[in-house]
């Protein structure tokens, strides 16, 4: 019971943190997994949203909504810009895309810091969400709790949009077979651009909502980028549920994990990622080990048979 | 055939062959539905088709017959815009679609049932149908090219989701299954339904019974016959003329993408059994 | 062109090689006399570019030749650097001893991590190598006795020979680094031109065919990964020679990313291109960046954008473009014209257009 | 694609490459500098995570130079600014540029201890002194290294006794897992334990959080609350400090008094933390509210120029200017790097906004440390000095 | 004739889809054995499992008396199993001759790392190229070749491995009639030491070449026999020629 009590908050926080990471990575999931664009400027768009939240937000609900609208709009615009920028190199593979989007991220990051300044920003949160609530005798930040709700809503909405709606069907169909989508009379390029615009809006919106937790600063873009990349790749490119599970796993690794194995804490994130990739990679090391184990087992059986 | 009677009964669109020409209206009335002139096309710089000429009148059903590798798929892909021709021209109901991207060609009134079905593995049957219906009926023209395509559109018989489910009841049964989970025959039906929901005037079919169990192939065959009878203009690629027996009223033989020889109707009557014929030729070799 | 092994067998006349060798000789001579041409700081930057370029060569071998894009080549680089630091602090200051030790350490490290990495392809390989790099950097923070922790480790100057004079002067350091870099890059290029390059090309372009022909693909890849580790280890040793300092932050993933981008800029299959890309990055960050302190990332970003749009085949592609431009203008110099257009594209760092497999008429399933 | 566009693209590509080559070639050997002018290199982070600190440092130093009309001891001063960047390797490259290209007589600034470790061998080789106004690692050779700032372990040591005396019970200790952070925490822990204090953390050892990358402190704070700590001591700086403070006030630990090294609530960090920082006790060698003439002058000039209060980073860099000014004034004859270094060795007490201090044997200040608390000061929250703690340094 | 290859109860499933269902098959030394069947019958899956390109879910493959079920593909190649691919599989950036050289690399007595050894191997490779009609194209890049020539090159690479068992996956697909004639000639000239297992849709080729035919249907061998027996078998007509029945009854 004591053990449970001691680990309740980290475990809950792992879910909350995972939800936050899911929201943060959602835009990249869409852009990379469904739009096929390895967007290394994703973190920069998040940072832009976060700065907008710090600039516009004043602790009132109205301004929070306004910031959300502005952040999403700015993100959508950057998604459109990205679609235009990527079009000429679309056929040249991921490395060239990485070079391009990394260049955009560097330029964008410099512009953000020049405009908003390098100082950490205070992000005002509506009074009702500012403090903490008591759960089973423990304090927990209200905003994060509310965030779990928003993230669950967003996950549901994203799932519905991508998996259930016709527009989402068009996006997934384009990932599956763009030629056949074109043969249906839909321009894959329009679908692609729309995907990136929505992905940008998601990233910008996530920045606004996440700002009180991941405060905007010059390093925000890099941090968010790296986390998102891990979540998208571990969660299988483009899968909403996969990204959700990966995000919660990363969240738990960084909360429950650091409590349970404090000595390994610095290695946990990337170690866990490496193991996850090995386990789920079809061409990975495990099938081969399984095959070799079978060979050994067969030989052992043959030996036993010979000995008997 | 009870199958066929069943179809004729449930599909209200069926019309006698004589009405075909009248059924396919729109576009320039005098122009043939498909007019291909000295078409050259291929992949990655290499030509697969070398100067194909081909005309398909409205309401006609033309079989493109030839062995694997002859260029049948390339021909159909070129018409659908999936391959950019390196020479020649393609007109659909008088509209020049040479080198137009596939979504524009589709908007002019074409639909393709590709080889290997190519259904979307991650979409359910229902989503396939919804997406195709939306694409067929609620398409919006954002670009000048799309607007031009909309103006040039040749109207075909209008299909709704209810129509195709009535025609292919099995799709209704499996509406929540993903494309990747369907059997080959079901995928073929889905690909056909997906094409029909675009309400095309010209339907391109690429080896529609390939790799299917005989009973399913039989069923597909019956469906195609029904569609042909309704006056849809169809271009159908097949390795053996016998497979389009009772569907096509004309056939073209394609070998090595070079010679396209038009033949009169009824050629399939003389088509020998595949294996026997092969053995005969092998005996002559020996 | 390095895969045109049969041409080597045929011993046909190779005008192209003659012209390439001439160009290479000019560049090498220019590099050798560089200390006489530029100021000290530029020379230090050139040294830095050479070391970074050698790191990029290791990345290029994996990315361009073996087809394994890597974000973790800083790991053997770090191993090489820390090994060298350890040796120096234990009074083994001779470069000629440090280099093989660093190469061995980098190779050993790569051989162990490679067992896992070489099974993956594409983005998964990229992320796995990233994990290897980050875990190595983390270990460098933690393992203080060996690495000095996050504050890094400083070393006294190295010498070339045991008992020789300390490498102190910027010119001497430059020349030492230059010679080592040229030798290592030269050996790398020779190996890639040898039949080994052909085997690697086969693995990269058609793994299944190679396996079916009896080639142990995994072993080839592991060997290549190990070799690239050795190159990066040497690069790490050279880092210690000129900077005499290394910290976990100097072997972070941003260095990996820059090395990968240097390779993409330079042309993924060109050894010289790797140096060119690395040089452009160092020049942009440390020379142009000084015009407006604090905005080096902006300049780097602009460099990347320019490179993507203007150098579709990397810097190495420019030479080829000049050649075909000369060709079109009628300036046909025998040695400058590749024998077949496609052959030129294949050998000189062209990334083949992806996603354009030739569909077959025969059924695709 | 049209032929014309392709040709243009190729031409452009070749131009880029050619330009790069020409630019390299254009870096020809430079000429010597003017004898009357003394060049000083200011190396501070202007990009990356520490850009905010870098700007404070730059403002502090430049304020001193401006206040003295760009003249130290009759010599014209030219300040060359370079970017310290994030990685020590980048700092080394920038410092090399200052020394080898700009031929500066001394280097000022440098926020990170790792960067100091990276550049000091090169500076020693070229006999250029470093007047550091930021972090300071353990160095073997400090002949030419002078710090106007602090030694990392002094901060905690200065407050440890006070915490022991004030807090009735065990104290939870937490900090970031990098050298500077470990030194800060060690300074506190060692003195605290020696004074008879009890560490609340499990195992009796401070908790270190992975660095960089930790942004979520809730699990750690929850653990500390569980440990029954009666107070918490910590060191964080920059955005980690913002995250820590905000989460502290929302965690199980929210009612436990928080003591910290002053960096936790310094400068822009405090503004970003807002109300969450209220009541935090911290120890530092400076607070803008210190009542002495030098500080009043400094704060008002700084406030007039930048519309904000100065912080410790700005103050230490301001003092670096002061050190150099005194040293150059004291030089009789040609101002060289060697002469500056020797002159600094001979400096006595330095009047400073933090109160008078002087260099100790390890070339860092012997100075007073203050206990401060975050309290409202007019409209804004500020670090208000509560009492003097100790004078440390040797 | 002894059995060179024995496949016992071999199963390969992908999730719930069973591509190959407890299939048994034997290929004799020097056999001319064809696998036919409708698409999706599991022909290519069976070939991939024998070559090691894919691993079985269960069952056993024995080659020349040894269990190779879990052996890795390059080991099987060195043991004497060579294959061609459904999509002609070459190394596009390498020249035609280099492609064959890669095929001969581990199967030639000469040492490929020595220049003289390479020259000897190259001579033999040229001879193989001549038999498949690619003489004169040695220094062309394989990626530039037409589909048909790439198919012949794929075959040449397989032959360069000096196989005891040659697996051919639809070698005639996409070939012109003239190419097919060359192909048949090459196959007829193969030594009797080489067993051939052929997957083919083109029944002309099957009839002209195979002495044994196995019909695969729904992942299981339906029947094995001579071409004549196969043609007469009613079950085969039902399964494989079912499409024709449709046409007849229509």
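Think of it as A, B, C, D and E in the order they're written, each chain with its own count starting at 1.
Everything that follows uses one rule, which is that contacts are C-beta pairs under 8 Å (C-beta built on N, C-alpha and C of every residue); 3 or more make two chains touch, one makes a residue touch a chain.
What you see is a predicted model; the values in this text were computed from it and never measured.
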Joint neighbours (chain A and chain D) are C
Kindly list the shared contact partners of chain A and chain E, in label order. B, C
In terms of C-beta pairs in contact, which of C-D and A-B ranks higher? C-D
What chain is the most remote from chain C, judged by the mean position of CA atoms in each chain? B
Centre to centre, using CA atoms, which chain is the farthest one from chain A? E
Taking the mean of the CA coordinates per chain, how far is chain D from chain E in Å? 71
Taking the mean of the CA coordinates per chain, how far is chain B from chain E in Å? 33
Cα centre of chain C to Cα centre of chain E, whole Å, reads 41
Using the touch rule from the top of the page, what residues of chain B touch 2 or more other chains? 46, 68-69, 210-211
By residue number and range, which residues of chain C touch two or more other chains? 138, 141, 295, 297, 309, 312, 356, 358, 360-363, 365
Touching at least 2 other chains, the residues of chain A are 110, 266
Residue ranges of chain A in contact with chain B within the complex: 166, 169-170, 172-173, 175-177, 179-188, 190
Of chain B, residues touching chain A in the complex: 80-82, 101-103, 106-107, 111-112, 114, 118, 120-123, 127-128, 130-132, 134-136, 139, 142-143, 146, 194, 198
Using the touch definition up top, name the residues of chain A that touch chain D in the complex. 6, 9-10, 13, 17, 110, 113, 117-122, 124, 131-132, 138-144, 214-215, 217-220, 223, 254-256, 258-259, 262, 265-266, 269
In the complex, chain D residues that touch chain C: 7, 9-10, 12-14, 16-17, 20, 23-25, 27-30, 46-47, 51, 54, 81-83, 85-90, 92-94, 96-97, 100-101, 113-114, 117-118, 120-122, 125, 137-138, 140, 177-180, 182, 210-211
If we count contacts the way the header does, which residues on chain E are in touch with chain B in the complex? 38-40, 146-148, 172-177, 184, 201-204, 206-208, 227-228, 231, 238-239, 241-247, 250
